[in-house]
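Look for chain A in each of the two complexes below; its partner is chain B in the first and chain C in the second.
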Partner chain A sequence: MSDLWAIETADLRKAYGPIEAVRGLNLQVPTGSIYGFLGRNGAGKTTTIKVLLGMARPSAGRATVFGLAADAPQASVDIRRRTGFVSEDKELYDYMTVEQIIRFTAAFYPRWRADLEQRYRKAFELPLDRKVKALSRGTRTKLALLLTLCRGAELLILDEPTSGLDPAVTEEVLQALVAHVAREETTVFLSSHQIAEVDQIADHVAIIHRGQTVVTGALDDLREHFRRIQLVFDGDAPEPSFRAPGVERVLRKGRVLTVLSSAGSKQIVDEAQALRPVSVDVVPVTLKEIFLETVASED
Partner chain B sequence: MLWYKAWLETRWQFLIGLALLMLSACGGVLAYPQVVKLLPLVPSADVGGLIGQRIREGAELMRDYRGYVWSQWIREGPTQMGTLLAAILGSGGLLAQASGGAAVFTLSLPASRNRLLGVRAATGLGELFTIAVVPMLLVPMLSPAVGESYGVGDALVHAACVFIAGAVFFSLAILLSTVFGDLWRPLLITCAVAVLVGLADAALGEPKYSLFSVMSGESYFRAGALPWGGLLASVALSAAMLYGASVNIARHDF
Partner chain C sequence: MTILLRPNPSSGVPIYLQLMEQVKHSIETGALRAGEQLPGIRPLAEELVINPNTVAKAYRELEHEGVIELRHGAGAFVSANARGKKLTDKLKAAQPIVAAAIERLHARGVTDEEIRRLFEAELAGVTKTGGRSE
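Right after this comes the complex of A and B.
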C-alpha cells in the first residue's frame, strides 16, 4: 500500500482534552499527486499534519506515511527524513542568518540538493548574511520553501504556505512549487483554506469539516460529477425525497428547488420530471461552490 | 548541527556567566592583600547570632590563604552564582520555543525528541562544566601574583563539586522546561528551590550532606575527604530528573 498511497489515515482521531480536533478522518493520498487538503480555520488540518509528522499522537485510529506508522518514534524520524514541511507560521530560528539556517538544515538530509539550493537562492534573492528575524514575511516564506524543497524529499507537506503573502509573492511561490513538483515528481500535500490556489495546482482534493472528511477524490472527477440541478415550478416548490445516489443538498426557496449532486445529474433529473417542473437547468459546480456547499451543509 | 543550534541558543548566557565568574575569581584573589590588612579589625566587630558567627568563622578561616579562597570565594561565587547559571542554562528548550513557533521547525527535522533533549542537556552540561572549571583554575594561576599558592588539584576537586552539585539545579530546570511552556517559570522555580535549600541549610545548621555543602566541597576543604555520598546522590538525582524530562518530552503533543 505504501507505494500506492503516500499518506493514509483510517478513522483518525485526535482530542486535546475534551476538544476533538480530528474526528474519524479517512484519507488516501496517492503517491505522485498534488493533494489539496481543504477546510475552514479550525477544521483540523494542522492537527492532522502534526499527527502525520509525529508532533502529536493520535487518540485513536491509524495514520501512515510511506506505509510507516506516524506515531512510532523511530518510524516518525524516517518519515521526516523523507518529507519536507512548511508550517503555517513559517517560524524559523530568528537568531540564525539565512546562510546558517540553510547549512543547519542541510546537515540533516543526506539527499540535500545543492543544485536546487543554488537555484532557489538566486531565484528568491535571499540575503545570506541577514538574520532570519530581519526578513519580511514574504522572504521568510521563500526561505522556508527553499529549506523544504532542497531536502530531496519524496513528500512535501505544506500547511497554508501562502498565508499572509501578497498576491505577487503568492503567485511566485506557487509557480516555484509547481515547477519543482513537475521536475522532481514529488507528492504534495497542500493544506489550505485558499480554494483558488488549490484549484490552480491540485489534482486531488479532500475537504474536511469539524475533523471529518466530507468530500474526497480526484479534482477532475469532482468537477465531472458535482452538478447543481435547478428546478423551477409554477407554484411553491414541492418537498421531494430523492432516491438517486449522490444528493448532497436540497434547497427549497419559493418556486425554486436546487439540488446539489455529487453523482451526476441524470437520475435526479429523471426523478424530478415526475414533479412536473416548468424548467430544469443543470450547471457544473466549481471547487469553491463544492467547498461552500458541503461545509455549509454540515453547519 | 544540533550542537551548533544549542550553542547559539545558550552562548550569551554561558559567556556572560563565565566572564562574571572569571572576574569574580580575579577579584577574589587580587583582593587578598587588602583583606589581610583588614583582618585585625574583625575581632572588634560585635555582631551576634548567625551573622556574627559567620563573620568570626570567616575571619578565622581567612588567616590562611586556602581558607580565604574557600570561605570568601568558592562558597560565595561558584556556589551561588553557579546555581543561578545552572538554572539559566537549563531553562528554555522545545516547549518554550513552541510558543514562538520555532519548535515546529525543529520537530519537523529527522531527529528524535530524545536526541533533541540529549544534545541540549549535553551542551548545557558542557557549558556548566566550563563555568565550574575555568574560573576555579584561575585561582592557582593568579595566586603567585599575591605571593600565595593554591593547588591545581584542590581547584579541580572544588570544580568537580560545583559541577556535579550544580548539575542538580540544571537538571531541575531542564525537567521544569518540559512541563512549562515558557522560559521564566522553570528559571524562577529552580531559583526558588535553591533559596529554599539554602534556608533549610541555615535552619538545620548547615548539615554535612546538604546540596550547597557538597557544591562548595566543604568536607574536602575541612577534612580532605570528598563528599562521595553527596556527589553520588547528586548524580543520581540529576540522572532521574533528566530521565523524567525525556519521558515528558516524548509524550508531549505540540
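Right after this comes the complex of A and C.
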C-alpha cells in the first residue's frame, strides 16, 4: 500500500490490435496533488484513464491506484469505489431533473457529503427543476462535477473537464477544484489540452506524446529549470555538442543558436562562452512553450 | 480580501516565488507589518485560484528565510525578528539603484521585456560576453 503515490504507472502499454495507444508511460502522481495530464488529442490520455479505472486491460507494464493493481478485478472495484470520475462527454441521465439526478446519485454512495452538496448547489446556482437534457454545456459540467465531488472520493479523475466551456465557467470550475482540494484530502488527476488551466491550478504535470511521457515533474521546478538560451555569433553559428545536462533541443539558424534547457542555463552558458558569441540571452520558458517544444516538433 | 495579487502562471517564474516576492514586497511597503497575520493557506489558494500546496510551499520557504513565522494551528505571521528587517533595509537601499538603472535604460529606448532579459542573462553569469560596449 503506497500512500505516497495516488497513481503510479511503470512502462505502461496498451495496444488495440496493431495500434499502440500507450507505449511506455511512467507516472507518479503524489497523493494530495492537482496533477495536470497534458497531451494533444490522441496522445493516449483517455486510454490511460481507462486503464486506471479498470475499463481497459494493459498490454504490458504496471498501473496502480492507491497501490492497488488496476487490472486486478477485486482491486479495481475498490479503486472505483474510492475514485470519482468525470468523463469528457459528462454522461448523465437526460430525462431526470437536476434535483432528481442529485437524489438518484446520492443514494448510491454511503459516504455522500450532504454538506458539500449544499455548498455546490449554491455555488453553482443549479436550476433544480430543469431537465438535464435542457442544461447548457457549462451547467451540465457543473452538475457532473457536483455529483462527483460529493461522493467523498479520495481521487478525482477528470477527463478534459473544461473543454468547450466559456472562460467564466472555466474559472468557476477551477475555483471549485482548488477549494475542494484545499478542504478535503483529495488528489485530482486532470487530463487536459488546455495548458492555461493546468498552468494555473496544477502543482505537478506530465506531458505525454504518442503514448509516452516526455516531461514530468513539479510545475514550479519546470518553471525554475527550463530556460531558452539564445547565442548570437559574428558569423555562422557553430555546431556545438554540449556536455551540460538538460540540453533538450539545439536549433541553429544563420548566426543564431538557440538552446532549450531543462536544467537551468548556467552550465550551458559557461560552455557557450568558449564559442565566443557576441551576445547571450537567457529567457524563462512557459509551460505552453515546453508543451509545444516537446509534442509538436516531430510531426 | 487579501493584499496579495494573482500570480501570473505563464510568466515562467515559479508561482511560489511570485508569492514570496509579493509577501516580501508587502512587508517593504508597509502593507504588512511585523506581527500581522497573513491569510490562511486555504482561503488564499481559493481566492487566488492557485494550488494550496503552492501556497504552503511559499509559506514554508518564507518561514525558512525568517520572513514569517508559522504558528501551529494559528496561522502565518510576519516575523518580528531583525533578520527580516535587515533584509528589508538592504533591499530598500538597492531599490533606487535598480530604479535608476531602469530609468536610464528606458531613456535609451530599451523596453521592459528587454530589460528583463538582460537581468536574466546577467544573473545567469553572462557578464563577460556583453561585447557591445556603448
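FYI, the second predicted complex is superposed on the first by the 295 of 299 C-alpha atoms of A that agree within 3 Å, B and C clash if a C-alpha of one lies under 4 Å from a C-alpha of the other, contacts with A are read in each partner's own complex, and residues count from 1 in each chain.
Just so we're on the same page, a residue touches a chain if its C-beta (ideal position, glycine included) is under 8 Å from a C-beta of that chain, and two chains touch if they have at least 3 such contacts.
Here the structure is a predicted model, which means the values were calculated and not measured.
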{"item": "Partner chain in contact with A:Gly254 - chain B first, chain C second, else both or neither", "value": "neither"}
{"item": "First (chain B), second (chain C), both or neither touched by A:Phe104", "value": "first"}
{"item": "Contacts of A:Leu287 with chain B and chain C, given as first, second, both or neither", "value": "second"}
{"item": "Dominant toucher of chain A (residue count), chain B or chain C", "value": "C"}
{"item": "Which of chain B and chain C A:Arg81 touches, first, second, both or neither", "value": "first"}
{"item": "Contacts of A:Ala179 with chain B and chain C, given as first, second, both or neither", "value": "second"}
{"item": "Touched partner set for A:Ala196, first chain B, second chain C, both or neither", "value": "second"}
{"item": "Touching both chain C and chain B, counted on chain A across the two superposed complexes", "value": "none"}
{"item": "Chain A partner contacts - residues on chain B that touch it in the complex", "value": "1, 4-5, 8-9, 100-102, 104-105, 107-113, 250-251, 253-254"}
{"item": "Chain B partner contacts - residues on chain A that touch it in the complex", "value": "16, 50, 53-57, 73-74, 77-78, 80-81, 83, 85, 87, 89, 91-96, 100, 103-105, 107-109"}
{"item": "In the complex, chain A residues that touch chain C", "value": "32-34, 171, 174-175, 178-179, 181-183, 196, 199-203, 219-221, 223-224, 226-227, 264-266, 269-270, 273, 277-288"}
{"item": "Complex interface listing, chain C residues touching chain A", "value": "9-17, 41-42, 45-46, 49-54, 57, 117, 120-121, 124-126, 128-132"}
